[in-house]
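Below, chain A partners chain B and then partners chain C, in two separate complexes.
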Partner chain A sequence: MTVSAPVVSDIASGSRRLWALRERSLGWLEELLPTLAAILISLLLFGVFVALAGQSPLAVYAEMYRGAFGTWFSIQNSLLRAAPLMLTGLCTALPARLGMIIIGGEGALVVGGLAAGAVTIPLHGAPPAVVIPAMMLASMLAGGLWIGAAGALKILRGVNETISSLLLAYIGIALFNHLVEGPLRDPASLNKPSTPDIGEANMLGNLPGMDVHWGLAFGVVMCLVCHLLMEHSVFGFAARMVGGNPRAARLSGLGVPRLVILTCCIAGAAAGLAGMVEVAAIHGKANASLLAGYGYAGILVAFLANHSALGILPVAVLLGGISASGGLLQRTFGLPDAAVNVLQGILFVVLLGSQTYRGRVKLRRSPR
Partner chain B sequence: MMTHLHPVALTTSPCPSLPSAPVRRRTTLGRLVQGTLLAVAVLSGCKQTEKAPETTTTAAAATPAAAKPSDSLTVGFVYVGSRADYGYNQAHAEGAKAVAAMPGVKVREEENVPETVAVQKTMESMINLDGAKLIFPTSFGYFDPHILTLAAKYPDVTFLHCGGMYTEGKHPKNVGSYFGYIDEAEYVAGTAAGLTTKTNKLGFIAAKPIPQVLRNINAYTLGARSVNPAVTVSVIFTGDWSLPVKEAEAANSLVDSGVDVLTSHVDSPKVIVETAEGRKIFSTGYHASQAALAPKGYLTGAEWNWEKIYTAYVTKVKTGQPWDHLVRGGLKEGYVKLSPYGEAVSPDARKKADEAKAGLEAGTLVIFKGPLKDNAGKEILAAGVSRGQTDIELEKMDYLVEGVKGSLK
Partner chain C sequence: MSDPTVTLGLWGVPLAILGGALRVSAPFLFVSLGECITEKSGRVNLGLEGTLVMGAMSGYGASLWSGSPWVGVAVAGAVGAAFGALHGWLCGRPKVNDIAVGIAMMLFGIGLAFFLGKPLIQPTAPRLPALSLGFFSDIPQVRSALQVNALFLAGVVLAPCLRWGLLRTRWGLILRTVGESAEAARAMGYDVNRVRLWATVAGGVLAGIGGSFLSLFYPGSYNEGLSSGQGLMAVALVIFARWDPVRCLYASLLFGGATALGPALQSVGVTSGYYLFNATPYALTLGIMILSSSAKRTSVDLPAELIAQR
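== the complex of A and B ==
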């Protein structure tokens, strides 16, 4: 293929190292090519939709670029929107490596946010150095328990984790609403029931030099840590083996139940942390604004990233950018808000379709 | 498009910061970017050469257009839902339309903006990219923390919020808040409903048992019972502002229980009014007019009249006059209004409803006055006590009045 052309000259030098490099980059490219093609096809299809809506696709793309990455403000806007998606993306991506489809990240996020808000009530007056770690811990614990429960139900009772995690999300949201509107309600929050304010001192604030809160750092660090865990550790190797063939994994003496439940707990902890970020970086209290669908968007992120913790980072930024540009499309072109959803929907379907080509695109000569 | 999105997506990928073998990684990544660009070039063919210059010119042309000419004012409107929802957001969008018709005013609108950091970014985007100097963030939940955060950051931009949350001395000077006493319109709609019902059973589908909603339910009930003491109002809380499926279920179950007039306090009463019409019963509307959805059964409705508040505010901000930080009013001020009576409202009912309206406008009729009992028989207001619209106690309402079938527990 044409793509390998610039690399061919490298091989001519005869260096073994370059050969390995070529193999490696081509391997990467083989992995990425279906994804890239899918994004391109989605954009073409979206262009047709835009043209049908009476707008010039090129002008719309240009405006989308301006709204998503065209200015420093736009880039920060995209990164800010990407931050929760990184964490909720992990909630689906990690268990997927063990062959489980978890779609209840919204529940973990909500109970995580609730726990973060609730834990500040008994800690009233404590220094931020105590309160902030307590919020993080509480949210991760709550989120971890929530998705861990789906894992445990799977292991102990054979309950389908997709359904149980979704149902647990409904339970989480109901519990959240009950507590926020009832026992944990700040009496001063009349028309918007909320937990008591966590206090200005306990807010996370922005990253230095940026208009983006610390949630972005949490997201990036969690993705990197989970990448190392899943790809470069014995735990990750064992987990992926379970995903490949649970029976073989069990036969080779791996503690499958432990791996499944632990991975689910880590996944839920990530989504729970996203809830804490919403509370501690944005709202300052837990209320219905937490139910913004980040948990469900995380499913999309994980699938687009092919369940790679590292892949989540660019995908989250891409989706953050799409959502950041959505407002500008509405305001400049009068396109309905749904236009951005149409793009995301096309992207999702085409990408899932493109996954069937993964491994069938060959750039390297297959070893014989 | 691809050439723009991709390098960005890739360069933000954290690969280079990975601890292991940084040099080799970076080379691989560089190769990868190169390969990607090439692959894109191959796949998109010659189209790409056309795209690139187009992109730059459009972006460059858009920037100066966003700059604000000194004699014009760019006003941003932010909605939490669809601006064609036959409800809360449409009511605001109708106000925005009136503003857009004013000379020297440019309106930029954005809908379906959740009450998250997204609304902060929408407002900032309106300020930075559209040059907006006045913003109407119309959802109640936008106020704290979103408007407060941005108002501190952009002191030369005016933020006017719907909800009446402004507190002097506590909130920034460039923030205002307005609200309407829509319970007055609910009271009048209640009288029309009370005189139209044949079963004496009215149904009220509400989102959440918060003071603002309870005040509407109670006013509607008091209005209906003022002309027909046999009336009861059955309440169903759905739990959230926009749950069309639950709203339809609630509507059907109320009709099944004998209710023959339905009303609601949810973001969009569309489904409820349509269900009522489909089941051949009556309905009264909320937020905006739903008359078009139910030509036979729509009696009247409690509507906002944001046009009045918005055009007044915009004129003041544009001409540099001082404006009020807190604006509230009801029928008298024209901030709320009633949908024109439907064909099902009898002349007698119209007369009674008009009388109630005139009384509220003149201030001779007070909705919440003693003796008033809640629906468990507990006395709320003793005889002789009356709470006018500005009474702060009404903002803490936590009861359902006698005649309401339902519970807050």
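== the complex of A and C ==
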């Protein structure tokens, strides 16, 4: 009796494919385990904290889940908050691939939102098909300029990008306050100084079938595009090479300055777009409501996602959920709204502590 | 409220800036001295902004609870030590990035202070007493501008002491050795991580005390907008001061004056660019960083271990 040769090879290649799949998923799990463990440990620590504050941790967690993902309404609320987090997360994640720590996303968001609000003033009466792209473009230009400046200062003068990006954020916020209180102020906005209303027609509508605006689509598309850019393009390959070994990158003839500044511009453009989304989908004008801390939370998003553009998607939804549940915690348990910030802070600290175990978790048998 | 313009005219502006420099510079001074110690050991703690806010909150709370502002200062220092210890311990583990941990500690500290500080926004705690250095003058504006605080004077004395300590004592030498070459320090038998841990703790203590100054002397109450990046600017200031405690003192006075510019101009009726003037200290920091950095070479005063890790 003979078994025909092709069948044997089919079985062999099938099992080999299965083996490869197993290897790959175990590899992923090895990467993910420290992060998952960090999330679990921080939830435990936050539980202790909540218990010290006199509340039952289990009840608080149950309520948080309800407020974040428990109902269709809360899921939509979480997604609403995830949209800007995806974009501000990119602002830290992209430069991090080149070995730079940028923390000024809040500034890029604010100037982006301001530019989006301001550009509608001269375009008054133009059709939405003109105004909305103009708002997107203006916000991305402004945000790109802001973070691009931090990148350029790094290249030209060796200025520490972490500090300069945060200083630029403070300067951007001061400029924002100056313009919104002064030259760009809508005289009709009495209690809360704002730029003039962008007009109902120019607002970003909701995605079909849900109460979530198009900003979510912007965030998802930007993350996907940045993923392709960083992982599957020559540009991304060069950028990651700069992050791995700047000297080698320079020696192999890569234009490091161009790569750094361009990446910072793209990162800033993403955060600027987040400002436009907030203005054009939620507030309808640029005012102090833009300063909601999305820029700072984006730093945590990027680190939790290990600076992967694709990883930002689930992390932003998770953190959006945590932030959405903040109000409920305040109403139900009387916990200050800063409880969410405490949880985020614990999460961030524990996550960085867990980096020490990165690469030390072994699920696969090491090759002989 | 006293208005310097009444008798002094435009002279009120430099006077208000001087007064502001004396009042506002203390948090800059304490945080930058603390960061100076930490960076001399070869590590950066970007989280001192969080420590500053935690110090302000805990100092205010302790002063309120005990009735003595000096207890508040002590508690703020202790809280700062705890934050420094956490940072130092985490960064002592392999593969943990000190800059990133600093950012995390900043967000954690601010969040925790906002959470715990909610009940402290309303009540009034006993404040630190002021010393009048303007006794020679009859002009009330001069007198009020020269109201300084004992804590600030302590900082002024601490700066040269610290410089002397770093240069001339055994501890200072060990600290600088660890910061210049961890290899050499290890070869001499010193535990590099332990030295850095203590340097970060010391930095945390000073930053915490600086925070208590914010809530217990000037502005002298607790609210969530108390610190707007002073802790972070102080870290940048250390680079500008080239890791020298005495130059940290001068730089702090300069920054204090810059922070007082907006309110000083407002007091003489220049209100149009009020929000822009608020950006002065940030723009000044950035400008100084641009001028004092270079893409080609690193400052000779930079602790060598800070380059080695990058």
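Observations on the structure shown:
Everything that follows uses one rule, which is that the second predicted complex is superposed on the first by the 353 of 368 C-alpha atoms of A that agree within 3 Å, B and C clash if a C-alpha of one lies under 4 Å from a C-alpha of the other, contacts with A are read in each partner's own complex, and residues count from 1 in each chain.
Keep in mind that, in the parts below, a contact is a pair of C-beta atoms (placed from the backbone, for glycine too) under 8 Å apart; a residue touches a chain by one contact, two chains touch by 3 or more.
Predicted, not measured: the structure shown is a model, and the values here were computed from it.
For the composite obtained by superposing both complexes on chain A, the positions of chain B and chain C are in clash. Of the two partner chains placed around the shared chain by superposition, chain C is the only one that A:Ser164 touches, whereas chain B remains out of contact. Looking at the shared chain after the overlay, A:Arg66 reaches chain B, while chain C stays out of its contact range.
Once chain A of one complex is fitted onto chain A of the other, the partner contacts of A:Gly253 are absent, as it touches neither chain B nor chain C. In the superposed model, A:Leu175 makes contact with chain C only, not with chain B.
In the superposed model, A:Ile346 lies in contact with chain C only, and not with chain B. Ranking chain B and chain C by residues of chain A touched puts B first. Legend: residue contacts after superposition of the two complexes on their common chain; A:Trp28 is shown touching chain B, with no touch to chain C. In the superposition on chain A, contact of A:Phe303 is made with chain C only, not with chain B. 177, 181, 336 are the residues of chain A that lie in the contact sets of both chain B and chain C, per the superposition on chain A. Remark: chain B residues 1-2, 4-6, 8-10, 12-15, 17-18, 20, 24, 27-28, 31-32, 34-36, 38-40, 42-44, 51, 54-55, 58-59, 62, 82, 108-118, 121-122, 124-126, 128-130, 140-141, 145, 163, 208-212, 239-240, 395-396 touch chain A in the complex. Within the complex formed with chain C, the chain A residues making contact are 101, 103, 153, 155-160, 162-164, 166-168, 170-171, 174-175, 177-178, 181-182, 296, 299-300, 303, 335-336, 338-342, 344-346, 348-349, 351-353, 355-356, 358-359. Residue ranges on chain A touching chain B, taken from their complex, read 2-3, 5-7, 21, 24-25, 28-29, 32-33, 36-37, 39-40, 43, 58-59, 61-71, 73, 77, 79-81, 177, 181, 190-193, 213, 220, 223-224, 232, 278, 282-284, 287-289, 292-293, 310, 313-314, 317-318, 321, 323-324, 327-328, 330-332, 336-337.
Of all residues in chain C, those touching chain A in their complex are 46, 86, 90, 93-97, 99-101, 103-105, 107-112, 114-115, 118, 228-229, 232-233, 235-236, 239, 272-276, 278-279, 282-283, 285-286, 289-290, 293-296, 298.
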